[in-house]
Amino acid sequence: MKRFLYVAGLPILLFFGWFVLSNGSENFYAPPLRDILRAFVDTWTPQRLNDDVLPSLLRLLSGYVLAAALGIAVGVAIGLNRRLRATVEPVLEFFRAIPPPVLVPVIMLFAGIGNGMKVIVIVFGCVWPILLNTVEGVRAVDSVQLDTAKAYGVRGFARIRTVILRSASPQIAAGLRQALSIAIILMVISEMFAASNGLGFTIVQFQRSFAIPEMWSGIILLGLLGFALSLLFRLAESWALRWYHGLRDAQRKS
Amino acid sequence: SEDGGGDSVDQVKVGVIPIVDVAPIYLGQQKGFFTNRKINLTMESGQGGAAIVPGVVSGQFQFGFSNFTSLLLAQTKNVPIKAVSAGVSSVGEQGKDFGGVVVNANSPIKTAADLAGKKISVNTLKNIGDTTVRESVRKAGGDPSKINFVEMPFPNAPAALAGGQVEASWLVEPQLSQAKAAGARLVASNFVDAAPNLSVAAYFTSAKLEGEDADLVKRFTEAMNESLTYADAHPDEVRAILGTYTKIDEKTRAAMILPKWPTEINEASVQTLADLGAKDGIFDGATPDLSKLLP
Amino acid sequence: MLEVQGLRKVYSTGGREVEALRDLTFTIDNGDLVCLVGPSGCGKTTLLRCIAGLLTQTSGTVKLDGHEVSGPPPGLAMVFQEYGRSLFPWMTVRDNVSLPLKQKRVPRQRRDELVDQALEAVGLAGTESAHPWQLSGGMQQRVAIARAVAYEPSTLLMDEPFAAVDAQTRADLEDLVRALWQRLKVTVLFITHDIDEAVYLGRRVIMLSSSPTVVQDEITVDLPAERDQLHTRADPRFTELRTHVYEQIQAAKRGRPASIG
Amino acid sequence: MLEVQGLRKVYSTGGREVEALRDLTFTIDNGDLVCLVGPSGCGKTTLLRCIAGLLTQTSGTVKLDGHEVSGPPPGLAMVFQEYGRSLFPWMTVRDNVSLPLKQKRVPRQRRDELVDQALEAVGLAGTESAHPWQLSGGMQQRVAIARAVAYEPSTLLMDEPFAAVDAQTRADLEDLVRALWQRLKVTVLFITHDIDEAVYLGRRVIMLSSSPTVVQDEITVDLPAERDQLHTRADPRFTELRTHVYEQIQAAKRGRPASIG
Amino acid sequence: MRSKALLGLSGLAGLLLVIELLPRLGLVDDSYLPPTSEIAAALADELGTTAFWQAVGDTLTGWAIGLLIAVVAGVLIGIVVGAVPVLRAATASTIEFLRPIPSVALIPLAVLLYGTGLGSVLLLVVYASFWQVLVQVLYGVADVDPIADETARSFRFSTWARIRNVLWPTALPYVFTGIRLAASVALVLAVTAELVIGAPGLGKLIAVAQTSGAVPDMYALIAVTGLLGVAINLAARVFERRSLSWHQSVRGEVPA
């Protein structure tokens, strides 16, 4: 009960506030929440979810998984190797600063306009928090732990797997968490180009055809989607990092 | 604007897309057609209606530029806007229009009818591009329901076409000239197929401003009409002014086809656009009410 | 054979220069058990790290069996002074102890056997599935010891390994180390600040001076090889030796060699 | 007065339930110096954390001067067993020591004086500007001690505070604690696993049993108040007391009270 | 330090070389991805115009103000929410709900409120980069070593002192990562906002170059955006080295 209040309390309050404040709204672009909710029910039919949300989700997840693999792998390499870091960091920073919308055309040159392009756009956008956090996490591995591994001949891949990744995992988790919502954002951006279905495409389409309550309902759906995914993420994280949370909470709570 | 005919100059912001179509307003600004009428213009450029319409509705911009299908769409949703002057029109001649569908030189697509069942890029789905291209196919005897449209901004379309990612592209100037120069072949003039002398776009304002400051709207319309007429009569000056607000290189500027800028909105052609849109279902079953939109 | 020759180590981090070791020279035969004592901060840990190849010396050489040490040599086990930080918090006690064995490709069954034995020996049977941070300080230290013991190393470096355990457990662990040493003929270098422990455990005791650090003195512990907590410590020779070491350490702290008494 | 009554603490993290303390009852008068000994893992640290109000007990009460402890009481200083992690790596030694004083709003000049004195007393003069991770283990531990000493607490809790220092330094620090105690009339609760140290330092020694933990025994150290390393330790009464404690600890490890000898 | 700069330059040089070679070898059509030399020539032309520098100034203004707001708000809110468990539990779901809403979806709202002015850019920039900082701070606050925190508590540090002396230094490495993430997200959003809404700045120039088919100009401007990113990161790194000299990640860099 208390948990439920924590999770739902503030959102309910905010929605209620929105509902009341927007009730008499005359503004075309900020319609009453009542209308938005009605549009939500009408718009997001199972058919629509299947046609537009499902493909988006699939692209989103494949992009996210790819970004996670790439970000962690490259991040570990860069974090461990000072020279490599010095060499590639400026190039990475260069690409990181380029807005995905202007990069999409370049990606299209190489990857076409299919799902591949959209997945690459998602990867391109959400790999950064994972990469950066992995690099920092790897750099911050406790020196005594590293020495222990070295002294006992734990080297190569085993050292990375059993020591470095585990030790950096709290920070990597921070990156993965960031990347999740960025992936959703990038999903929308990628569907602004050469798309003919998808949640992002639909929202943009609503926006262009002045179906404003429908557009807001799409934004709410995005929020719900993000919330659901982050819930899943949190479950996975608390499982993978149970040692860490145990360690941090051990003295604090008990 | 408060004192109507006084000495004060109205500061007016116009939301435009920085493309060929809006050359007259830049030209008119340069020629002083607006300052003559106590209007001090500022151009705000946005990428399409998504950015411009909210700006006009909320009063951030006094006027905006948009194509008619978008305006009709807005009208069906009761967006409080009103067209105030013509914007740009099709040249009306097959093969000589400022927009059209192109394919690669070696493409098996020879006529508009062949476009049926093909993958065609348009800048925006469910808008003026796909409805008029469908009409081209329909008129040529093809099945328009089979066309597979994909959305792609004009600047990126030539690369996608050349790379074989789409089989045909609907382009407007300057991309049309650039693509043709690179070897692409024109297979349809969709604006021409849709209606004779199609009115493509218009300048519009919010219903609120129209009600509150009819005088300003009137002066703007007059200045606009003068600009349109002047631009239509002085293509060289149009080509020159393009160099100031776009980066189209000189060669392309000289080669490209300029649209027509009549001062009258061709109501019949707008009705045709409305009918085409309704036929393709882009209005969600609603019927646009032209009388509420047109001046 | 472990040869340390002219070893010097200067730390220079953040504008601060510390000469931790000035000039150390000594050798340890294979299968010897040497205790190292010296004032706090004199450079014992630094020395151990250099020997383990974890730290690069400023000058001088460390050779193991004739080869210069550049990285941790195979068959080396080390118990770190920072026992808490040297355990991996994401692993259970069992995994912590068995990880090095896995690296050594000890077959699974044998590994489990070794881990169980080692944990039993340090008195931690029953905590296999706990994480290190669920254990008390002394228990953590014993996990680190168990890890080194289970590894069956050929060289064992221990840095104040019994600092956090109670007297009784300490005595048991001392006997454990001697038993291991005798059974496996492992070379042991053992840092301690407990003089009795140094004399009780070692075949030799090396005393370091305070900074700038050199070898202050060295004695061979000529007590019988079979030692036990009650009798050995009661031996008059034991008392003699410990007094000698004590005096040297005090002299070291004052910064000059005591007249050998 | 510190009253501990029926204290019980059960850890339950990650599915593992450990009864660290079963039922502890004892009192410590203000200005007393009590040493606490017990087998490794018996719950000494847990007890100290409960007294400091850092950990909530499962049942029982801890009262300081009649008030139930719910958070750290004012005027309390604690030296943690994990000395390394209790120092802030981002601060210099000086800042680490003076930060609690700043919190106490000790004026700047007095603060500097106290810090200098404390560092001098633990033998760390000259390392003020170093960071903790540039120091040896024993030096880090002494910084933690200096921090507690400079604070001039009214209650001082120390958890194996001399575990990482050499014998000579340890003796000096023991005398430092006794001097502080006598000078400031501070209440000291001191955990150690060194029985000699417990008897030498304390006015009372409380012995804990091994898990499940209760108070195994308690003695009053009836040695003269003026103690020194040489004579006190040579006192026959000292030997008697230490033997008693030793036997109780051994009995505790076996899990039953020894017949009091 | 010198050799590090050299390595970094060689990395960038490699990138330039690849872009030069891709079109020259005919792997891509040079009218869509021109070689480095052509981009450089276009860039040189741009550098000579005042409009360009004006645009860089506009973009950087939007970026800096937006980033500042986002960082300050992110850090303050992050610490308060992170340090008070009740707040953290109560806001978690709302944060997760708001975070994935793309800034681009807020464009109509921004235009509605602020037109094409700086306000629009700021709204988008702050919205996007705020979350980056916030999430990093939340994770950083959770990373406090329990023993260090207990030490502070046992000495009865005030809440503020605990935040300043324990929480903040622990979270600092996370905050730096957050700032570096936010800095580039802010740049991305500043440029995107200009691109789509048409607020003055580099993005607007890019949009104009794009619609005009001036491909080398477009790439030149994109490159400028990227280089701004590199410069910003460089500054962040220097700052980080100074304030994190005690941290494992920085002190580990010094060869032992």
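The first chain written gets the first letter, and so on, giving A, B, C, D and E; residue counts start at 1 in each chain.
Everything that follows uses one rule, which is that contacts are C-beta pairs under 8 Å (C-beta built on N, C-alpha and C of every residue); 3 or more make two chains touch, one makes a residue touch a chain.
To keep track of the chains, here are their UniProt names: C, D = NitT/TauT family transport system ATP-binding protein.
No experiment lies behind these values; they were computed from the predicted model shown.
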| item | value |
| --- | --- |
| Where subunit A and subunit D overlap in contact partners, by chain label | C, E |
| Leading chain pair when contacts are tallied as C-beta pairs | A-E |
| Most distant chain from subunit C by Cα centroid | B |
| Centroid distance [mean C-alpha coordinates] between subunit C and subunit A, Å | 48 |
| Chain centre separation in whole Å, for subunit C relative to subunit B (CA means) | 83 |
| Intercentroid distance (Cα basis), subunit B paired with subunit A, Å | 37 |
| Set of subunit B residues in contact with two or more other chains | 50, 54, 57-58, 153, 155, 159, 163 |
| In subunit A, residues with contacts to at least two other chains | 27, 29, 105, 109, 142, 192, 207, 212, 246-247, 250-251 |
| For subunit C, residues that touch 2 or more chains besides their own | 13-14, 82, 85, 131, 134 |
| Subunit B - residues contacting subunit E, complex | 13, 15, 17-19, 44-47, 50-51, 54-55, 57-58, 60-61, 153-155, 158-159, 162-163, 174-175, 178, 182, 245-249, 252 |
| Residue numbers on subunit C that touch subunit A, as the complex places them | 49, 52-54, 71-72, 74, 76-78, 80, 82, 85-91, 99-100, 102-104, 131, 133-134, 147, 151, 157 |
| Subunit E residues within the subunit D interface of the complex | 145, 147-148, 150-151, 153-158, 161, 165-166, 169, 172, 246-247, 251 |
| Touching residues (chain side subunit A, partner subunit B) in the complex | 27-29, 104-105, 108-109, 112-113, 192-196, 201, 204-205, 207-212 |
| Residue ranges of subunit B in contact with subunit A within the complex | 48-50, 53-54, 57-58, 70, 73-74, 77-80, 121, 124-127, 148-153, 155-156, 159-160, 163, 165-166, 282, 284 |
